[in-house]
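Two complexes are shown next, each including chain A; its partner changes from chain B in the first to chain C in the second.
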Partner chain A sequence: MFTKHRTAGYNGYAVQWSPFFEDKLAVATAANFGLIGNGRLHILSVGAGPAAGAVNVERVFDTQDGLFDVCWSEVNENQLVTASGDGSIKLWDTTLADFPIQNWHEHQREVFSVNWNLVSKDTFLSASWDNTIKLWNQNSPRSLQTFNGHSHCVYSAMWSPHSPTLFASCSGDHTLKLWDTNSPAPVQTILAHSNEVLTLDWNKYQDHTIVTGSVDHTIKVWDLRRPDRELNCLRGHEYAVRKVKCSPHSGSLVASTSYDMTMRMWDITTGDMIEIHDAHTEFVLGVDFNLYRDREVATCAWDESVHVFTPRCLM
Partner chain B sequence: METASQQQPSQEQVFVRFEGYDFANDETFQSGLQSIVRNNQSKTEQEQKDAIQSAKYFYFTRFVQSFDLAQYKAWCADRSSTVGSSEVTSTQEGGSTDTIGETQAETVGNESIRQIPDNLAEGTPSEARLAPKLKPWEQKKAAIATSS
Partner chain C sequence: MTSISTNKRLEQIKDHISGSSVTREHLIHHRHPDDVVIVSAVRTPICKAIKGGFKDVYPEDLLAVVLKAAAERAKIDPKVVNDIQTGNVLQELGGIKVGRAAMFTAGFPYTTTYGVLNRQCSSGLQACNNIANAIRAGEIDVGIGAGVESMTQDYGSKSTPSKVSTAIKTGQEDVFLPMGITSENVASDFSISREDQDRFSAESHEKALRAQAQGLFDAEIIPVKVQQTVTIKDEKTGDEKKVTRDVVISKDEGPRTGTTVEKLSKLKPAFKKDGSTTAGNASQVSDGAAAVVLMRRSKAQELGCTILARWCGARVVGCPPRIMGIGPALAIPAVLKDVGLKVDDVDVYELNEAFASQALYCVRTLGIKPAKVNPKGGAIALGHPLGCTGARQVSTLITQLHHSQQKIGVISMCYGIGGGMAAIIVSEKD
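On to the complex of A and B.
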């Protein structure tokens, strides 16, 4: 199966499958490549079985500024949060049209990532180019906490899938930092790459393993108990690595996207590249594994298209 | 036999070409630049400069010749440590800084960008009806726990 959906006029920045419905996919996009102009959040329903290949647009929400990331709520099946170029964070309810149900504006610059707590499920994180990370509760009018420590843009902050208080962040300051919400300062700092670190994700099956991707074109696998050196360095991308995603189904599988216009998949236990998806014609930014259809993957790119397919390595 | 690398210009040649590129007389770039300037009016001077610089990079790599921004920045940093950075930026900006002033003066709305009010949705947000679903890794852990 290979399904292509056009997000006409909007360049893809992030995709995420719903944690409640196996067919629902959220796509965060921005007009004019995110440099100027509006944003649009797309809620798609992607068919399976006899309906495979059918994409139904359930809802679109337009925003003043480009959307750089999206994350579904872990507590309400209809809600999701987005990160904007204008520094705002919006909470949407797919049962209500046109406008968000919450709009927070505390960050001073672009918000590049939002991530919902996978364990306690009552908070989420935002990471911004203002060098800070903020902790939020969907019912609070203001952020609960601000984490300072990075000396450059924070590109991503992601909760541990195993702990309600532990999260990791990566930054233009070349580091990966580990934080606990009980402490204002980072609990661990790893000088991870020789250039900006744009993305990270936690391995879902190994508590101490994190994967990072960088402008230096490489992906590194880290064991937080041995921070002096990476376990593995995965080479193959020809330009900056924009997103890494650990499979929810296997501890050895990682997907990555890059400005080299490909999505690739890796076996991190052997270090082998096992898939190259080169059907996009512009920078590939978003990738996500469907949580409940275990071979389905979605990608989005600046070519205004979303691809949903089963990679050859998973057939 | 010539190798591919011999046929391609060196990275430095590309950087020099980028800096010497006549953005001021490139109509396509200038038309895009006007809307960038309009949309960055409320921002600080540095932010406006950054937006213009990113637009130049974006335009050049897409339509003229692709290069890696990180490597370009590293190259600029190397050079400015020997040449003096202010000199570099002033020559690099060239005519386009003048155009920025002009286009700011011409500013009148922009049809391509929709104005979306900063409203909140009317109506009552939905209540959660579904209990959180176990993630695949949680299901596998639960299966192992019950089987042992």
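On to the complex of A and C.
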């Protein structure tokens, strides 16, 4: 099965499958490659079984500036937050048309990632090009906490899937930092790459394993208990790695996207590249594993298209 | 969205694609246990060949002095040094045997290995890079990159091979050109005027003299005690007799007061009748030695060594032999690209002045701000003992970065047979 959906006029930045519905996919996009102009959040329903290949646009939400990331709420199946180029964070409800139900504007520059707490489920994080990370609760009008420590843009901040207070962040300052919400300063700093670190994700099966991707073209696998050197360095992407995503179904499977216009999959235990998806014709930015259909993957790219498919390595 | 923030956003994304966003700041603050660091860098004074202070000294004498001093300054036991490599261009057998003897004399044990190499004028820098790469590869922990040349003792060949296969030489004459002719080629191909060359050369002397007066070479120079034979006249009898006495040489001999553009403009071209390269706007023929102790950062911490600077890598790039002087204009961008820096990000360029023509060509082509080039003068004033120069520049650059409290430095030179080499170091003096 290979499904292609056009996000006409909008370049894809991020995709996330719903944690509640097996067919729901959120896609964050931006006009004009996110450099200037509007953003659009797409809520898609992707068919399976006899309806495989059918994509139904359930709703779109338009914004004043490009949307760079999206994440579903872990408590309300209809809600999700977006990260915007103008520094704002918006909470949307898919049962309500047009307007966000909450709009926070504290970051001074582009917000590049949002991530919902997977354990306590009552907070989410935002990472911004203003070098800070902020902690939010959807019912609070202001952020709960601001984390300073990076000396360059923060590209991503991701909760540990195993602890309610532990999260990791990565930055243009080449580092990966670990934080505990009980402490204002990072608890650990790892000089992770020889260039900007654009993305990170936690392994869902090993609480001490993190994967990072960088402008230096590499993906590195880290054991937080032995941070002086990476466990594995995965080479293959020909340009900066934009997104890494650990599979929710396998502890050794990682997907990555890159400015080299491919999505690749890796076995991080062996270090082997096991898949190249090169059907996109522009920078590939977003990738996510469907939590329910364990062989289904979605990608989005600057070519204004979303791909939903089963990679050969998972067939 | 204002256009300013749009441009910033575009710049950010562009950096992801070009990978050129390794900021200066990051390079400066980077610390990793596997880094290659420099814990001492020393040199002898540079003396004029034939008639200078080292005229009665062998290159291995000079080498022994710097090897011993390099270990002493690093405060290390010589036995922790795994390997020593020395760059040399002219010595018989590359100086391999006398060099081995010299390192023993300097106190190193036989377990410290020894080797020599020749990549013409970049030999001293290549020696440092070979050591750095061996450390990086995990083959050794501690090494010394050195360079030595006695143009007094070994310049008889004028750096030209005496026996060459005619079959090989035919059609490849450019490889065997005298260096002065390659300088003339650069000057005429790229229109570097005689006046500009002379001005550059006068400035080199001026900067070197000023640095000497301020004592800016003191930290890098190891004074050398030599025996000099001089003729003295008995005042009573009027008889002349030769006596040998100990003299300590602690200063470069090349910088010459009163070197002005006007005076330089009167010199005759040395290589071509209507040429522009003269003895005054070319590097001086000299004797000297230099040595640099490199080790892995984790080892330096284990041994309690003071880290002077970090070795960030080097590049060698080839170019046509007939214009070998353009080498740095190719090698510098290559090494800058490796670490993601731009020409302006570098604080000090230690650019070997083989000839004013080629040095000027490189400065202009790369758009280097003249104030960043050789703030203590270069080979036109200080001299250019071929195999020594690269290692000498490392010591000169480190002391300059420390003195001026600047951070990022580049060492570069052209080398005959057609090529350039460039290396980047970052000062770690806070």
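In this text, the second predicted complex is superposed on the first by the 315 of 315 C-alpha atoms of A that agree within 3 Å, B and C clash if a C-alpha of one lies under 4 Å from a C-alpha of the other, contacts with A are read in each partner's own complex, and residues count from 1 in each chain.
Following the convention adopted for this analysis, a contact is a pair of C-beta atoms (placed from the backbone, for glycine too) under 8 Å apart; a residue touches a chain by one contact, two chains touch by 3 or more.
What you see is a predicted model, and the numbers here were worked out from it, not measured in a lab.
Superposition model on chain A: chain B and chain C are shown in a clashing arrangement. Contacts of A:A240 after superposition: both chain B and chain C are touched.
In the superposition on chain A, A:D93 contacts chain B only, with no contact to chain C. Touch criterion met: A:V215 reaches chain B and chain C at once.
By the touch criterion defined above, A:P164 reaches neither chain B nor chain C. After overlaying the two complexes on the shared chain, residue contacts for A:G37 are found with chain B and with chain C alike. Once the two structures are overlaid, the count of chain A residues touched is higher for B than for its counterpart among chain B and chain C.
Of the two partner chains, chain B is the only one touched by A:H249; chain C is not.
By the touch criterion stated above, A:P227 is placed in contact with neither chain B nor chain C. Residue contacts after overlaying the shared chain place A:G271 against neither chain B nor chain C.
When both complexes are overlaid on chain A, the residue A:N78 reaches chain B alone and has no touch with chain C. Residue overlap on chain A between the chain B contacts of one complex and the chain C contacts of the other covers 33, 35-37, 195-196, 215-216, 239-240. Residues of chain C that touch chain A in their complex: 1, 5-6, 9-10, 12-13, 15-17, 19, 21-23, 25-26, 30-33, 340. Interface of chain A with chain C (complex): residues 33-37, 65, 85-86, 109-110, 129, 151-153, 172-174, 191, 194-196, 198, 215-217, 228, 239-240, 242, 259. Against chain A, in their complex, chain B makes its touches with residues 35-36, 39-40, 51, 54-55, 58, 68, 70, 112-123, 125-130, 132-133, 135-137, 140. Across the interface of their complex, chain B is touched by residues 19-20, 31, 33, 35-38, 62-64, 74-79, 93-103, 118, 121, 161, 195-196, 204-205, 215-216, 239-240, 248-249, 291-292, 294 of chain A.
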